[in-house]
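Chain naming follows the written order as A, B, C, D and E, and within any one chain the residues start at number 1.
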Amino acid sequence: MLEKAFIGERKYWILVACLLGIMGVGFIMWLWQFRVGLGITGMSRDVSWGFYIGQFTYLVGVAAAGVMVVLPYYIHHYKAFGRITVLAEFMAIGAVSMCLLFILVDLGNPVRAINVILHPTPNSILFWDMIVLNGYLFLNVFIGWNVLTAERKGSPPPGWIKPFIYLSIPWAISIHTVTAFLYAGLPGRGFWLTAVMAPRFLASAFCAGPALLILLCVIVRKTTKFDPGKEQIQTLGSIVTYALILNVFLFVCELFTVFYSQIPGHMHHFHYLFFGHEGHGNHLIPLMWFAFACMTAAIILLVPSVTRRNEGILTVACVLVLIGTWIDKGLGLVVGGFVPNPLGKITEYWPTVPEALITLGVWATGFLIISLLYKVATSVKVEVGAGEA
Amino acid sequence: MNAILSLILSGGVVSMLVAIPLLGVWALPHVFGIHLEWLFGIVIPYFAVIIFFVGIVYKVVQWGKCPVPFRIPSTCAQQKSLPWIKYGYAEKLDNPVSTAGVVGRMILEVLCFRSLFKNTRVEFGSGETITYKSAKWLWLGAMAFHYCFLVVILRHLRFFTEPMPFFVPIIEKVDGFFQFFLPTVYQSGLLLGAALTFLLLRRLLDPKLRYISLVADYFPLFLILAIVKTGILMRYVFKADVVSIKELTMGLVTFRPVIPEGISVIFYLHIFLVSILFAYFPFSKLMHMAGVFLSPTRNLSNNSRIVRHINPWNPPPKYHTYEAYEDDFREKMIEAGLPVEKQAASPAAKE
Amino acid sequence: MGVNRRKFLKIAGISTLGAAAVPAANALAMNPIEWLDKQLGGFTPSEILLHMGHKPTGLKSREALTAKRWAMVVNVRQLDEEIAEACREICHKIHNVPHIKNPKHEIKWIWAEHYEHALPGQYHEHIDENLKKLPFLVMCNHCFNAPCCRVCPTKATFKRKDGIVLMDMHRCIGCRFCMAACPFGARSFNWIVPWPRAEDGKFEGKEPPSPEFPTRSKGVVEKCNFCAERLAKGQIPACVEAAQELCKKKGREPALVFGDLEDPDSEVRQVLRSHYAIRRKPELGSKPNVYYIV
Amino acid sequence: MADIPKSWKVAPPKAWNLTTPEELVQDTDHRRYTLGLEKGWLRTAPDVEIKKGMHCHAALPKRLEDVGMPNPRNWSVMDEDWKLPKNWKEIVLEGFKDRLERFRSFKLFMDICVRCGACADKCHFFIGSADPKNMPVLRAELFRSVYRKYFTTAGKVLGPIAGARELTTDVLKEWWYYLYQCTECRRCSVFCPYGIDTAEITLMGRELTNLVGLNIDWIAAPVAFCNRTGNHMGIQPHAYKDMIEFFLDEIETIIGYRIEPTFNRKGAEILFITPSGDVFGDPGTYTAMGYLMLFEALGLDYTWSTYASEGGNFGLFTSHDMMKKLNAKMYAEAKRLGVKWILGGECGHMWRVVNQYMGTMNLDLAEGSKMEEPVSPITGTKFENAKSTKMVHITEFTADLIKHNKLKLDPSRNDHLKVTYHDSCNPARAMGLLEEPRYVIKNVCNNFYEMPPNTIREQTYCCGGGSGLNAGEDMELRMRGGMPRANAVKYVNEKYGVNKLACVCAIDRAVLPNTMEYFVPEVDVTGIHELVANALILEGEKERTIDLRGEPLPGMEESEDV
Amino acid sequence: MYDGGKIIVGIIIGLVLLTFPIWYTHGMAPKRPEVKLPEKEKQCVQSKEYMKTKHMQLLDLWRDSVVRVAQRSYVAPNGTKYDMSLQNTCMSAECHAKKTEFCDRCHDYTGVVPYCWDCHIPPKEEPKEKPEEMH
């Protein structure tokens, strides 16, 4: 089946070439970082995680979203999603691969990455994150590939794959929960020290992931002979709507707790992000407001079924959701947690150019994986005659 | 020769091969005081390398002496025909009509094992259904094996060159990118062992493969596995005096052979097995390394309708000529109103 | 060869049932984890495996200072800029802590903070003006319940039996989870190569001041180690020594006191008995082993 | 009519002595060899059971005498004694050596196989029979083992340890049995990492067995006929013309007027050669009618030849020399008639010969003729890809016509058909003719469906009866070999309701009807030009009510009664 | 030979690649490196043979022992105790005072690039160096 990734039209190869080009630039930058150290990034003693970990956190959400398709299909027998489970799983593969790569480029000593396995440490959440991420990658590769193979052969998926599929559902929840626990269990970081961290992560995952899937479906429909289907996209749209509302709701809960209790250790971070702490203005303030403007706009567009059913508007709303959640989680979450630092001091963070290029390179890698896999999936779908919706 | 017998035989032979240097370098000096390091460290390696080179060249020349009478490429895609029939990059590579296409096809074949990449597996469903599943494991195993082997060989240049060429340290660095253990474990070595094990298990577990496998299939697998194992053991467990080893290997390569003191028997074991592999190479299926370049179904372009291919031994044509044919059927032909060359061959033509 | 084989047999002996009689008897006296720990000489089985049959045959040297739980008391009222600077300087010197100008990439083991940053929760505007000016020496608190050790995915940072929280710079993968977990900002990361070297291995620019203590590679986290290497040689931490000398000169009570918290007669216990001491951020429950007398 | 061997008559299914398709499929137990305890294949030759229904009859002595092939005699496969010449071993080994020296492919393929097994389940005969010796690798190993024994040092010294074995009569019988269970379709060579082509080995093997008079009548007879009468069927010139006249009658009833092609006409622009199967056997005859109608519509200046009245070449299944001998007539006739180029009909191995061998072997014969690079007289298209051999495939020709809008077509006349296309192995894997036939079909039919991708194009499956195995007596073999193809047809039949299997090969048209009847009775076999002629609107034709097979066209069912 | 040109070129390319070490070294083998052993100290922590092949594992053991178990004294087979320290014991003035004359000789010869010196400080090799500095 993989050979289908090597046969495509000009447009496809241009896309692949572009992604490879970006990856190349990112790789060269990474080589530089590997040689010189993480000092080429904008991170610092006080903001010791930055863009990389932010992207990782965001993409874990995107990856977990596969469950929003798999669960209705396999548990609730929502047949329509049968057309796109493979797309969701393949998107998850790309997203998890990016997650792993982001962790790898964030390591000060990537050459020692194996230490996590050589010296297993169950009390470290990062150790569990390693397990759940790799496990999720394996599950999706395994399930996605086998299901697609079966589809191509024209036979139902083998029976032994079922347990893996059922396992993948809680597993998808787990990758996001465990990632939330990375943050939520740290004493002295008031921004993160909240029990709704995991639910918030899940809510934002379940709106960002399906939103990206909608966009990918629209692209697939436009560029291939496979149509993921109108109903499928609409159902995903509803999922995005509810999850987005939940996401904003949980954020409001957070705001209430923090600002009504007025506990400084928790409040200062929000102050910093949205108003500037103690007179420190920063790059993030407009972005954070923009993010919430995006999400609000998206809610306004998505809640009325009239607008949501319009696929053009739905697409715009999905883009808004992606931008909003991306700023919120990819930047605000990490930086907000580190500023002000435990001593109450402020060190600003903004990604540097090399850091951004490496980030872009990883994104390109992920999208290359998604492109190749989608090429395979859509070719198979067309081949078995599932082209028409 | 069934699978079990083949396994016993090839396993036995490799065990014997392991025993020889053990006896020669370890037991003999202890028991009889005879030292045979020069035999295992110098004579046999030289001998093996000579066999290797002479054997390969001889074999290739033998192949070269056979003509390629016909142009018989497997055409795995649309031919180049009418200008509006799609003949894109995939077709140019799979059904090449130009030299460039052939070169591309050979590069893909030799470097990427393209044909193996196409592999499928037949599966029988319920009733009469037969389905096909893409089966890339063999391709993956073969790629892993060959490329790891290449990396391992290139890494060994550190024993055969001084100063080392620039690429050796780079390869070592990349190969040992993930640092663990001391000395740092080379990922290629582990992968090589894993790939070999996979290839071996394949032969043992798939009934089809078990049936077709011969001693000549198990033997190189066992031999290379033994080489890999002795190499890994030497590097990580039993340890050998690397400086002395390099002195020996440099002596070999500069034709000033020496046997330094203090090289442990594991090294002689390793180099003896490698020598066996070298000497075995030209007489075995391992010659596919050179043979793949000469395969007429892959290295020819599909252009014999466009350009005449020459068969050096093309015999003169002998066929039933039209004249003979007309002689046979002239009357019936005339009767049927078919034109003939000689209207009235016999005066007794019926009116 | 011989030596090695003997060692090998020793290890093998431990793992065989036949030789297990004596250890088994011992085992009854302790819990299985302790027993295993003792058998393995403090190493985990995977570490033993990595050493391929080499069992550590090390000993504690006789002159080493030992304790059940090391602790330090900082008497802030006895500190002044000079003492604080001396502590910082000697520490950074003997540990080859590089002096990096860019505050973002700075590496600090011990340094002076203002009250409001050292104890942000206890700060108010009307506090003793004197206290506001005093240099609060801060460093790793060697927490009894250290969040950094909890989060480290490789046990690169770990708590020794004597309570010292250490960094194994050979093992750190540079994930910086510990920095996120430390509520005291006591950890520094090597964002750049701290002591750059040329191709031939010579130091570029400045050489590290102490040839006895290793430098660090880029990409690892480091912090105060309570001078574990000095304790092993029977010396108290360098900052304590420097501070005590200077205080003596100035005729003050020692500004820094170091000792075994579990030993009722130790100097730290005596000081803590006689002074009101607090710890930083006690509400987080990390139980620091550095006490402040304010 | 002409003298046709009785064995060619296809026996009705009941007489095939076969079980049901389901049982046949389930009989293929691919896990039979599970323990590794059974005898290794090197030692199995004496026990080889030559099964009824899995082989063809031996050649009659007359066939061999006609063309001067060695050791003509009456013998039977079931006999213990195959009446070999006394020095058979010498002859075979000498022949072996000779071929090793003359064919690099043979020598190389003897040396470099690593027995990776990639080819194993690619062979339709292996899939259908589960006989391990039908794995391409093992079929070749039957020869390699002997090669090792007599031509390599290791084999001479180590014997079975080196995978070598003596050439005995048992081994020779085993050779013969499995040589004629291979249709030389080349599917295995697509997957071989070194491009080892079992067909090459089978070709050599058949040459070797022919040296001692081991062959099958179903190949030897056509060869003998073709040599004398110009075609495999043994149709003599007047009968050949009669057959075509019969088609003309049929066409007259369909289109309302009579067309008049020419035979052996000197000075024609184009010589048309098609396999005689098209002229003789259904459903190929409808394809032949299709050609006639197409050429009529174009007003093409062409001629048939009764001398070069055979496109196919059973010489390919005998020996390279025989192939050359039979093929030579094409150029000889083209030169005699003074045509500019040759147009070739729908045929499988004919095109393998044309593409891979014809120019090399026989182009000398065209010297001094009027032949030139083919140009379509209708569209003016130069067939540059046939510049040297000067022979154009009819689907190339027709596709070009359609592309240039030179044909008036009404594809709705084929609306009652749901068509799938079977790539015949030779044009697919020894030529690369994949798109042209599809282009033609898609323009003359509205309902076209592809079979699963692993069964078409370069991965297409043989019909099960190629390379001369299309006899009646080996029906079980044919059904087993045709199983993968039939399975794919059944798939599209069940999924899309496909009822027509188009192909561009006369052997396919002869073999597949039986296979379809057995596995997928709903599906009929057709040539592409039958479909073309059905859709083709000829000038001055009467309103069509029936198709070429005399069956009412869609919407014309009632008018039949009128 | 048929296609002789191509085949011979192929053989030559193959031979050139496979004989790379022979023509690359063109018969010049540098002498086996001799390490400079300490003048005064004759006894290492383990036998010479042991150290030759296993020093890296010993050092690895040392570092774990020192850093993680706080056992810093190494008991040699003959009962002598040593401070487990690469910088302060092995590379001390009495023993292998010069990295370039000891470690590097073999490492360079066999292409080994240990990462010890990424952190650990090799002794200064200026002739003026005073041994007192080591205390």
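Note that in this section a residue touches a chain if its C-beta (ideal position, glycine included) is under 8 Å from a C-beta of that chain, and two chains touch if they have at least 3 such contacts.
None of these values were measured; they are calculated from a predicted model.
Asker: Counting one step per pair of touching chains, how few steps separate chain C from chain D?
Answerer: 2
Asker: Farthest chain from chain E, going by the mean of C-alpha atoms per chain?
Answerer: D
Asker: Of all the other chains, whose mean CA position lies farthest from chain C?
Answerer: D
Asker: Is the number of contacting C-beta pairs greater for A-D or for A-B?
Answerer: A-B
Asker: Indicate, using Cα centroids, the chain positioned nearest the centre of all protein chains shown.
Answerer: Of all chains shown, the one whose C-alpha centroid lies nearest the global centroid is B.
Asker: So what's the Cα centroid distance for chain B and chain D, whole Å?
Answerer: Distance between chain centres, rounded to whole Å: 33 Å.
Asker: Need the CA-centroid distance for the pair chain D / chain E, whole Å please.
Answerer: Result: the chain centres lie 70 Å from each other.
Asker: Would you kindly tell me how far, in whole Å, the mean C-alpha position of chain E lies from that of chain B?
Answerer: Roughly 38 Å separates the two chain centres.
Asker: When the centre of a chain is set as the mean of its C-alpha atoms, what distance in Å lies between chain A and chain E?
Answerer: 47
Asker: Give me the residues of chain A that touch two or more other chains.
Answerer: Residues 110, 112-113, 115, 118, 154 of chain A touch two or more partner chains.
Asker: Using the touch rule from the top of the page, what residues of chain C touch 2 or more other chains?
Answerer: Within chain C, the residues that touch at least two other chains are 47, 50, 52, 217.
Asker: Using the touch definition from the top, which residues of chain B touch two or more other chains?
Answerer: As it turns out, chain B has residues touching two or more other chains at 63, 65-68, 118, 129, 131-132, 179-180, 182, 294.
Asker: Using the touch definition up top, name the residues of chain B that touch chain A in the complex.
Answerer: That would be residues 90, 117-118, 123, 125, 129, 131-134, 136, 177-180 of chain B.
Asker: Going by the contact rule at the top, pick out the chain B residues touching chain E in the complex.
Answerer: 53, 56-57, 60-61, 63-68, 157-162, 164-165, 168-169, 172-173, 179, 182-183, 239-244, 246-247, 250-251, 253-256, 260, 262, 290, 293-294, 312
Asker: Contact residues on chain E for chain C in the complex?
Answerer: 46-47, 49-50, 54, 57-58, 60-75, 77, 81, 83-84, 87-88, 99, 115, 117-124, 133-134
Asker: Quick one: which bits of chain D touch chain A in the complex? Just the residue numbers, please.
Answerer: Residues of chain D touching chain A: 452-453, 491, 495-496.
Asker: Write out the stretch or stretches of chain A touching chain D in their complex.
Answerer: That would be residues 154, 383, 385 of chain A.
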